[in-house]
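For clarity, chains are labelled A, B, C, D and E in written order, and residue numbers in each chain start from 1.
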Amino acid sequence: MAVPIAWYLILSAALFSIGVFAFLIKRNIITIFMSIELMLNAVNLAFVAFANHWHQVSGQIFVFFVMVVAAAEAAVGLAIIIAVYRSRETLNVDQINLMKL
Amino acid sequence: MNVLVFILLSLLKVAVVTVIFLTAVAYTVLLERKLVGRIQNRWGPSRVGPFGLLQPLADGIKLFLKEDLMPDEVARPLFILAPIIALSCALISIGVIPFGENIRWHGVDMFQIADLNIGLLVILGVTSIGVYGIALSGWSSNNKYSLLGSLRSTAQMISYELALGLSVIGVVLRTGSLRLRDIVNVQNTHGILSWNIFGGLQLIAFFIYLTAAFAETNRTPFDLPEAESELTAGYHTEYSSMKFAMFFMAEYANMINVGCVATLLFLGGWSSPFGNLLPAFGGPLVQALLPVFWFVAKVFCFLFLYVWVRGTLPRFRYDQLMGFGWKFLLPLAIANVMVSSLALAFRG
Amino acid sequence: MHLALFIIFGLMCLGGAVNLLLQRHPINSALSLIVVMSSLAVLYLLLGAEFLALAQIIVYSGAIMVLFVFVIMLLNAGEEERTHGSRAAYLAGIPGVMALFAVLTSTFFTLRTSFGSARLGGFLVTTQDLSRVLFRNLLLPFEVTSILILVAILGAVVLAGKER
Amino acid sequence: MTEVSPALRILPEILLTVTGVLVMLVESVLGVKTSRKPLGALAIFGTLATLVASVYQLQLPAGTAFFGTVQSDAFSVFFHLVIGGIVLVTLLVSLDYFEGHSSYVGEYYALILFGAVGMMLMTSSVELLMVFISLEISSISTYILAGYRKRSATSPEASIKYFLLGSFATAFFLYGIALCFGATGSTNIYEIAKGVAGGASPLLLTVAFGMMLIGLGFKVSLAPFHVWTPDVYEGAPAPVVGLMSTAPKAAAFAVLLRIAYGAYGTLAHVWMPLIWILAILSMTIGNLGALTQRNVKRMLAYSSIAHAGYLMVAFTALAPMGIAAASFYTAAYAAMNVGAFAILSYLSGFDEKRTNLSDYAGIARRHPVAAAAFAVFLISLIGIPFTAGFFGKFYVFTAALNSGNAWLAVIGLLNSGVAAFYYLRLLAQMYMVTEEQTVAPDNVHARPAFVLGVAILVLAVFALGIFPNRALRLARAGAATFAAQATAAQNISAAVLPR
Amino acid sequence: MLNASILTWLTFLPALGAAVVMLLPRRGRAPQVFTLLLTLLLFAMALHLPAHYDYHQQQGFQDELNVPWIGNPNIHYHVGVDGLSMWLVVLVSFLAPLGVLISWRVIEDRKSEFYALFLLQQTAMYGVFIALDLILYYAFWELSIVPLALLIGMYGRKNGRAAAIKFFLYAFIPSALLLVGMLWLYAQTGTFDLVQLQQQLHGWSTGSHATGLWLTSLAFLLAFAVKVPVFPLHGWLRDGISEAPTAVAMILAGKLGLYSLLRWHVALFPTEAAHIAPLMVALAAIGILYGALLALVQTDLKRLAAYATLSALSFCVLGIYAFTTASMDGAVYQILNESISASAFFMLLGILYERYGTYDMAQLGGVAAKMPRLAVLFVITTLSLIGLPALNNFVGEFLILSGSFQTHARIAAVATLGIIFSAAYMLWMVQRVFYGAPSAHVTGLVRPDVNWRERAALWPTVALMIAMGVASLFWMRAIDLTVPAMAPKIATAHTAFDARIGSTR
């Protein structure tokens, strides 16, 4: 039985929105970072779904690049988090506020 | 009807393979104890059953019947989840490994549970998930030894996974496929000469794979996570009874897995070392089982090597271990990929 | 079959995502995220991206998330404190997210017929197909990615390393 | 179309990458205690070579390479020159800045060079995948650079804020690309343009544009996506802020131009109102925010938001004019803003001890030359004639008026009137207030490299303000490539991705 | 050849000089001497303009130079002078050396910067007066703000910084509108050239662009009116003048704005100017009275001077917007007069301040006995400012009033009150400061009378006051050729009367 592509897309939209929401309300830097990963995954799902729709290989390749980028971001991001933790001893964004926003 | 037979046969296949596999795991333990005993000039287990052959059974019963201690301050769900992850990851890999020729009965492949286009990737993927078992066990135990052990182990596994992944690329390049059967098929023309380790010029890759695999399975000389002199039992510390048994089984299952994969990738899988030199003999049953024999024999050699190494080599220091992985193994693997691809390109 | 798998793993995805939102301990959130990613891998399989599915497991679940878990363990990040976040995040964020979701969903819903549907095996991309496009048409991005990784390595060294 | 070797199309990027790798290799053989200045010199020479290569690219006929992923044309060359110039000056200015303060100086140069590769590729790529990758290169290297003052408490904080919001933005941008791909089946700008012109669902395309706009809006700190800007600029090292407030923004604007005019040209009526709103918000919020700041870096951060708003005004103009104006403005803004932060870095040193407005009291007496240079940059930021800032604004608002957006120009110029106040406050502080002995006497010495860098910027500010013809011609030639793109789209269709 | 380039030399030599001043040694008198010599040279060069002015050429500009500057948008380096701007250029050149002389010993701190900025604003002034391309004009217009603001801020009295920022913002923000207006004009016509604009805009007031043109003219008017300043926009004037050092106060108000009103508002938008004229005239009248009344109650000399300036400048505005030949001629003439007399007045105040360290009238008194020479000069200047016949201001004020009587009789009558008030506060001021019993402050300090340097600065102005009062026709020739042509056609109804007035002078 076939599944409409639109369902996949709506799923991806839902995941993306949850990611955005988590980004906004989460208070731990690592969790915030994870919500970004969730958003990227949602995008990947959209890419794969669209690749299926257009029967285009390039849509799937995009996902590879996103993965590479996500990996690079993770490496750098976590390094930054470690640097922050060293200077602050906390991972709560509300306490990382030497500078007023 | 046909579908039903297919499903039934597949389930049966899974059951049989799992039982054999677990038994093999149990007897690998025995093998190790025996061999190490011999290396250390003692007997090893010899009281239970003839030559101690029933020792695994006795061990199993002991572990099952022990009291299951659960410390108060552990993160309960994760504490329970961790060994499950570890064991199931170890068991999944076997599902894509072919043990013999592609022989079908009622449309069911007799010597492989699932033949996937990307079998090799599945194994790598499952291996990479296996890290969680160790990471979570250490963290959920709420114990500094456990945590340190699992941190070490995680870092070690991440580090060596790179070299491991890179080492198989030469093989994949030669085959042009990620299907394990294809990889073996390329190697079974001229016997030992066409094995990847020689014919595919992957000797160095084999060495890298071997080393990385030792590290991935946390075996000597890379068994720092459970270096008892500094970390008591590492991430196992808080585990007992059945949960400990699961980790224990996972470790040995992984050893077997690694041996299978090494066999498939570098040692020609189920193909005979003599290639066509040996004339075909026996009936169809023998024809079908002989490759399985070769396969098992090769895996056994591998396991033997494992134990041998354990019996002879001392443990690395942690910084040596990381330095070895990053500064030696990884560059070597990259160089190997470059050389292999150049060689392939020149060969045509 | 397809539909059933989609529903099961789609729900797992959503459940994982919601759990990520609700869990207060980073490690639980991380595990939920792993569930999401692994379920996504299955969805990729359904959409005919087998290589991608495994890559998803290896790269995301097996490498990136391990890194996350590792750092959580390393820093021993504890329970999330329920501090009052910036009120702006709630005031602007919740309607914003709602609007975003509404826009996206309604767009996809409006165009649902034009997207067609996916069936098992309808569009299967083999590793060869992938590599043919990747190493020919998208060669430059592939090569440039190496710079990206180089930068990331440099960054990790610079930021996490100690000052000599 | 004559065949041009693909390597020539990305020659500047190749040179820069090679330089970066060389820097890293040489760094590894230098002793721990050795000065890293030779590496800086190497990086500077590499950048110079890159600039020369970019200029050389002007002689090539505009065209794509690598299966339609990159395109070198006057537009890309213009931005290559801007970015290359910024990098050059940043290297000159920071040659002595980190020396003795950080043990990763060699990596600093390498990161700047690699980041520049990303930015340059952004401006020349016509494939959104390529844009995405290079955007990430540039972003990640700037995240790292922002955290370079590791001992201070604010720098890692700046880095993490920049990183989190930047990655957040990236996700939006990526979703936009995905939707674009979904609507047209391709991520090549020209293919998208074809899809936009006929067939593809306008609804999906609009949503896609919105998402990409949000993503890029974060990157160029347009209001309301600007929240990270003041914090990040305050915490990051001053020379880095000079770089990251100009070069990545220039690149992101180039991308936005390519997308808006290159791919979405025929949907202009749909996205124009979005740009209007962003422009007005950015100008107003930026300027009002800057008014209340006591910290010079934060003030300049808000001012950069406002300047991004001015730039957006150019987007609302008709195609060739608006593009030329926006391009020119990025160049002008780069010259003055990099200059301002360079002086800031000089006056406040590595410890950033002079960041408050009151710390600048009477600076003109103690550092007359530095103060004079600062005054030049500030005056240019205000938009006083005979400086780059004036002509930048002039072209932007001319473009806006030419396309009938008089009200936008009025809002913009009134804003620039308000803006004059806070720049002036700083000027007044430097020149008109007698010094309070709050800051301990400092022994900053202007090194030759720094002086050269600032001199280049001052010259650039005046050159763009008095003889802008040459830069303008190049900007206009770049804009013309967009007009010619309809024909190019047909030529290229053979090379795009197979279905 | 010299004709073509003289204006360019005149304009950019000071800028060059500013750079040289910065490079000169800071110790000693080098900056003053250099600047004085340079300004004298400039004055000599400026005299070339009236010497070679072609009185037969009825229309257009002289000493023109028109070369393309920026290709697109079409901006030219177009400069030239006519009867209006020529005298203003000479005036600026005349005042500059005086400014240097009067600052000779006052400015000791950061001297190089002072003279550099002084020369820079000289460039800007010249530029404003000679530019015939809107953008070029705007460039100099904006440029003039910066050095002035810096000068006020750096060398002002107590609240110099606040006054400078106030001045800058008052000048800068309306300029933004001015720029919008200019850009709108360009978008509609494709040119920034004054002459071409005048031709193209002809008849637009009733066409489809009427609204835009109207708004544009308002934008222009606003920018200029602030700079003059015209009555409700004079907020910066009091602080600006009372804080500014003497040499700056001399050039701060008036000239630039009034000139711009004539050149770029009245001449460019005649119809719109005619529409707004009643308002402007009314505002001018209010300004005259308001300034005068406030001047009456001041005790601080600088503040008194500021309000007096407002009052006097409002006269000029009145003259311009009354739109009769006489009033406009008078207004232009009055710009010159006012500048000279007010400059002299500021210089005298500066000298007083230098001697006694205060502008407070309550502390001064009986100075005449101590410094008779100063008193003489002061009285002459005061009389000139009041508008005593045979002195310069009389001619201007008379022309303005008589001209505006024809169009706005009642308002002109009100304005006349202003003259009476001005006589009142000026004379009262002289009485309080110079005569009567010497105050304790004055007797306590023994100070020398005006020295040779101050005399060198003051006597030329006094000489000019008299010369311009007596021989007004010499100056009027060029003005008369140019200015009335700028007036909107509305004024032609009064030609007969104007002719009669004209014959009297």
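Just so we're on the same page, contacts are C-beta pairs under 8 Å (C-beta built on N, C-alpha and C of every residue); 3 or more make two chains touch, one makes a residue touch a chain.
Note that the structure is predicted; figures quoted are calculated from it, not measured.
Any chain bridging subunit C and subunit E, meaning touching each of them, is among D; the list is complete. Each step here moves to a touching chain, and the least such steps from subunit A to subunit C number 1.
Distance from subunit C peaks, on a Cα-centroid basis, for E.
Of all chains present, the one whose mean CA position sits nearest the global mean of protein CA atoms is D.
Relative to the C-alpha centre of subunit D, the farthest chain centre belongs to B.
Averaging C-alpha coordinates per chain places the centre of subunit C 30 Å away from that of subunit D.
A straight line joining the Cα centres of subunit D and subunit E is 43 Å long. For the pair subunit B and subunit D, the distance between mean C-alpha positions equals 52 Å. Mean C-alpha positions place subunit A and subunit D at a centre distance of 25 Å. Counting partners per residue, subunit B has no residue that reaches two or more other chains. In subunit D, the positions touching at least two other chains are 129, 133, 136, 140, 143-144, 147, 150, 156, 159, 182, 497-498. For subunit C, the set of residues that touch two or more other chains comprises 51, 55, 63, 67, 72, 74, 104, 111, 115, 133, 137-138, 141, 145, 148, 151-152, 155, 158-159. The complete set of chain-chain contacts reads A-C, A-D, B-C, C-D, D-E. Residue ranges on subunit C touching subunit D, taken from their complex, read 103-104, 107, 110-111, 114-115, 133, 136-141, 144-145, 147-148, 150-152, 154-155, 157-159, 161, 163-164. Residue ranges of subunit A in contact with subunit D, taken from their complex: 9, 16, 19-20, 23, 29, 32-33, 36, 39-40, 42-43, 46-47, 49-50, 53-59, 61-62, 65-66, 69, 72-73, 76-77, 80-81, 83-84, 86-88, 96, 98-101.
Residue ranges of subunit C in contact with subunit B, taken from their complex: 27, 31, 34, 50-51, 54-55, 57-58, 61-63, 66-67, 69-70, 72-74, 126-128.
Interface residues of subunit A, counted against subunit C in their complex, comprise 1-11, 13-22, 24-28, 30-31, 33-35, 37-38, 41, 44-45, 48-49, 51-53, 55, 57-58, 60-61, 63-65, 67-76, 78-83, 85, 91-95, 101. Per the touch definition, subunit B reaches subunit C in the complex via residues 75, 78, 116-118, 121-122, 124-125, 127-129, 131-132, 135-136, 138-139, 147, 150-151, 154-155, 158, 161, 176-178.
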